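Look at the two complexes coming up: subunit A is in both, with subunit B in one and subunit C in the other.
Right after this comes the complex of A and B.
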């Protein structure tokens, strides 16, 4: 089939011919060129239009004073970045984002680990555990926000009923700037811990069973086996889950925005929310694009750290 | 059996049994594990069950602050019928279903084709192109909202479903996951067919794809859930109430309802239902899918 393709002569080059020594045999090399690009074309088109171009265009916009209405658009050099670095709201939202990441990552890793280790013991009711821990992850941010706004209702919410049962003073959870971030963290842990739980469960199932058998022959009890085998074996998974969680937490927007009913609070505004507000409420596209790039830079630095760590792991293996 | 029950009556003997466990059964640790697990499961189910309970109350009962599971006037489906009598919920559910399906079909199709090209076909620039696409995994979609919105404006796609769908179909991570899977399929399977004169596409379609069904299902389910629940982009690109997806539509209604808690909870429960059903049906693939997509970058 490939040899009968009419346009075979167009793309042959010496380089391609020498390179074409892949493990598969058969088929003419030049035909392969065209077929390769044909398979790739649809993805590449979408990639170019909806990822590559926006990245480049966003970078360009960040050097302009473009607004939504089309007014402005002149080149302003680094002015947006200079403004961003001097913008207290930018630093405030960056601080909130980091604070949220710190508060949420620890329970999201530790609770997930606890759940996975307990479920992995093979106790009866497997589907029930999986359903209860993972189900919230499947819910839309809108749904979980509605549920938690109801629970955190200061007058009649369940959260304050619990506090009352313990003889504590009720709290205006989401309305009080001192507690609104805590409330968002609680809702987030409930919502997304199931994903990490399943990652840990997968990692646990990769631990060779013989290690446990050998340990119990040596007389090691359950707890000893946990600290000597399970925890060390989960090391790489924990690093990875932790990093993935940090990257996910830094993107905070949906639930924080919706739990406060779309209002902005100086104690919960995340960097993504600030990007949204400058772009789609303030209509300052240029400045918003610059903020996006500040955020992007942070993500890239963390991505590089993650790549370095996983590479070291692979080399060590 | 009878001897076992009889020995259990003797306190000392019972203790001796638990101390010398058969396998893992009934150690102190197991009982403790079970108790902690139960507490966690209850803690995780309660918020949702509370929402369900509220949805079956009358508005007066819901707003009374009475912490009971069933309202004073007894359970009622008033809140559900009030929600369902408004046409928008059906419309939003349909919009969600069709846009999420479109995103899933397009994403899986173009990702599988690209992954096959990277896995099996030789063409110039294969290596560096793959590196570029893999590097794009780190790009958070939130960073692109401004230029993407600008682009949709220019293309006239703001406030259209295509404007909502198209920017969601680029998933470099899925290309990576699928390529890794294709790499593991023995080439000999394809070579035999190719010797018989089958084209690349034919080999891809009738040999590679059927072998990849489990991974395709995992990828598809994940793309679907992501698209169904996506909030930020649909929220930005759609203004027309009739074109909204379920998450965005419901969000606009919270403020409109004010303090009608039972109705808000009935909505939340209705919106959650489809995905709970999806989970119960595809539990295995979802659990596997988390492992493959979550560790995709590894």
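Right after this comes the complex of A and C.
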């Protein structure tokens, strides 16, 4: 997400610059171009230093056995990639990442929709709901991790107190390999659902009121209106939210790492965490770079799918 | 070899930092230092909390006691963050003058030229030689004939006990010290007796999500069988399955919900013992200060040798010379002096619970009167470190992997044999990887 915004800016600026040049055709066309580049320079510099160069250098590293400790660095060809594809821990952590993406994306879309519909349909004090639902999203991942570590504390945590009230056995939420992924999903949904909720709320408020009025006149009830008007009208928003959510969920790292206190569990280790562990705990930079590029390739494929879906929708219209 | 990006960036940042720093300090620090002839030595360590306070006190002490050098400490977060940064600084050859490392982490760093050797002759001139250290501790600093680290302490895993509670439970001897259990059954019976007194748990042991904690107790029990694990580069590892299973099964018996909480994390266990809700506490000596601050009546003992051999799982905070490309001869001299000064003044370090490695300190009459420290000083003679390998040691991924393997058995009563099998598989994976710090072995 972060990378798309600046790119869009470039295109707009570029077009605007061209337009400006055309308008003043004749005069000092060259000078204006220089000014255009001057305006672009700060961004281009940052882009080159912090995005383009690391990407290229990372690709180079992935073909070496560079170690963080300075040793190694010789060219090893595709050996790192061959190792990666045969590495059970890489496949395991990729599997965890996909599993988390599935587990988190569904509630993050459905719950956000429910919340948005409830708020849109006349819950009193709309601003308070809007604020409460969105507030967690503003917190840093470190903060939400701490909050949920306490909630999930097996001895004194709120979650187990609730279970106890229902006469259920306490659960070691974050420690038991059977539940730790679920615990991370719950915390993540609480943390980020507010963003999707806002997108849905905005989309809901864009649905023309007349359609509901017409439907009422035709005798359609609330549920019929919801399925026949609201849901179809929210289609584009749902696609957008779903795709953004998948990309966000694939990046799973901070909350899982922090909530488990860095303990690397086979049931929660995400691919990003494995990349971090390989490079910064195990010092194997080259291999870690290769893992990043395997993951990068997957993201690219997803990005292409996203682009295709969006284009097909545009064509259909 | 093409220099990696981080080197360039570091050089850039270093240069920028130097320029800015020089401008800032031009007026004060550097001139005053030059005037009095005091050299500033950069010292990195990873001690925070109570240990950090004690260390600051010791550094203030050596700084004021002489005027030849002044230590400027940099404290970094314990564990991976610290070791990553120290490795990068050493790889660039622009490391601090002296640093603290866990003795168990030194081996992994030895082959890559990340550490400079200590000159044993110069150390001996300052009174620092083999005769001044317990044998296993001194030997740990020696890697393939190279003297790479000088231990400041040993910090073993021990058994703390609440004397009031234990008295009531009738598990103290005539001197008011804990009767030493001679076998697993005795130990379990003792914990049962204590649990009967507290009404809660007899023992506090926090391990959830903490691989190091699980490893510390496990490896104490494992080495009590009179053996140690071996993990030679390339494998195969030597792990006694029966001893490992017996050790884990014993831990399961402790964590039955009555003797000790089934599911306790580190903080919960500390709080439980500190508030007198249990009678015994399995912990590192570094929690001594916490318990003193909690003002409970307690004493400390070595973990009883229930499986036969008296051992103490431990690590040592050790002084190392991170690699500098162009070490300044005068500064190096002062570093030797600093280390000797610290060792001789390490009585203060004992107050934080650690056992000073320097024998003249622990053999002094003053130390014999320092309680409860003197009651477990013996542990220094029985220390067992992590099995030597590049991937083991305090704060390493290895201990985390042990935790991931063992926790299901401790938590849900899973089979200890399965846990040991998972651990062996993890060790096998580690052994198949080359030491990333080794220029020869980075890739076969």
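Assume the second predicted complex is superposed on the first by the 288 of 317 C-alpha atoms of A that agree within 3 Å, B and C clash if a C-alpha of one lies under 4 Å from a C-alpha of the other, contacts with A are read in each partner's own complex, and residues count from 1 in each chain.
Please note the rule applied: a contact is a pair of C-beta atoms (placed from the backbone, for glycine too) under 8 Å apart; a residue touches a chain by one contact, two chains touch by 3 or more.
In this text, all values refer to a predicted model and were calculated from it rather than measured experimentally.
Counting the residues of subunit A touched by each of subunit B and subunit C gives the higher count for B. In the superposition on chain A, contact of A:85 is made with neither subunit B nor subunit C.
By the touch criterion defined above, A:214 lies against neither subunit B nor subunit C after alignment on the C-alpha atoms of chain A.
When the two structures are aligned on the shared chain, A:67 is found in touch with subunit C, with no touch to subunit B.
Contact with subunit C, but none with subunit B, is seen for A:265 once the two complexes are overlaid on the shared chain. In the superposed model, A:305 lies in contact with neither subunit B nor subunit C.
By the touch criterion defined above, A:282 lies against subunit C but remains apart from subunit B after alignment on the C-alpha atoms of chain A. Of the two partner chains, neither subunit B nor subunit C is touched by A:102.
Look at A:244: by the touch rule set out above, it reaches subunit B but stays clear of subunit C. In the superposition on chain A, contact of A:131 is made with subunit B only, not with subunit C. On subunit A, the patch touched by subunit B and the patch touched by subunit C overlap at residues 53-54, 57, 61, 66, 153, 155-156, 261-262, 280, 285. By the touch criterion stated above, subunit A contacts subunit B in their complex at residues 1-2, 11, 13, 15-16, 19-20, 22-27, 29, 32-37, 39-40, 42-44, 46-47, 49-55, 57-58, 61, 66, 111, 114-115, 118-119, 121-123, 127-136, 138-143, 145-151, 153, 155-156, 158, 161, 190, 195, 198-199, 201-202, 221-223, 240-241, 244, 247, 251, 253-254, 258, 261-262, 272, 275-276, 279-280, 285, 288-289, 292-293, 295-296, 299-300, 303, 306, 310.
Residues of subunit C that touch subunit A in their complex: 1-2, 4-7, 79-80, 84, 87-88, 90-92, 109, 112-114, 208-211, 261, 263-265, 268, 391, 396-397, 400-401, 403-404, 407-408, 411-412, 429, 433, 436-439, 442-443. For subunit B in complex with subunit A, the touching residues are 24, 27, 29-30, 33-34, 36-37, 40-41, 44-45, 47-48, 50-51, 54, 63-65, 67, 106, 109-111, 113-114, 116-118, 120-124, 126, 129, 133, 136, 138-140, 142-151, 166-167, 169-170, 172, 175, 187, 190-191, 194-195, 197-202, 204, 225, 228-229, 231-232, 236, 246-248, 250-251, 254-255, 261, 264-265, 267-268, 271-272, 275-276, 278-280, 283, 286-287, 290-291, 294-295, 297-298.
Touching subunit C in their complex are the following residues of subunit A: 53-54, 57, 60-61, 65-74, 76, 79, 89, 153-156, 170, 172, 174-177, 260-266, 277, 280-285.
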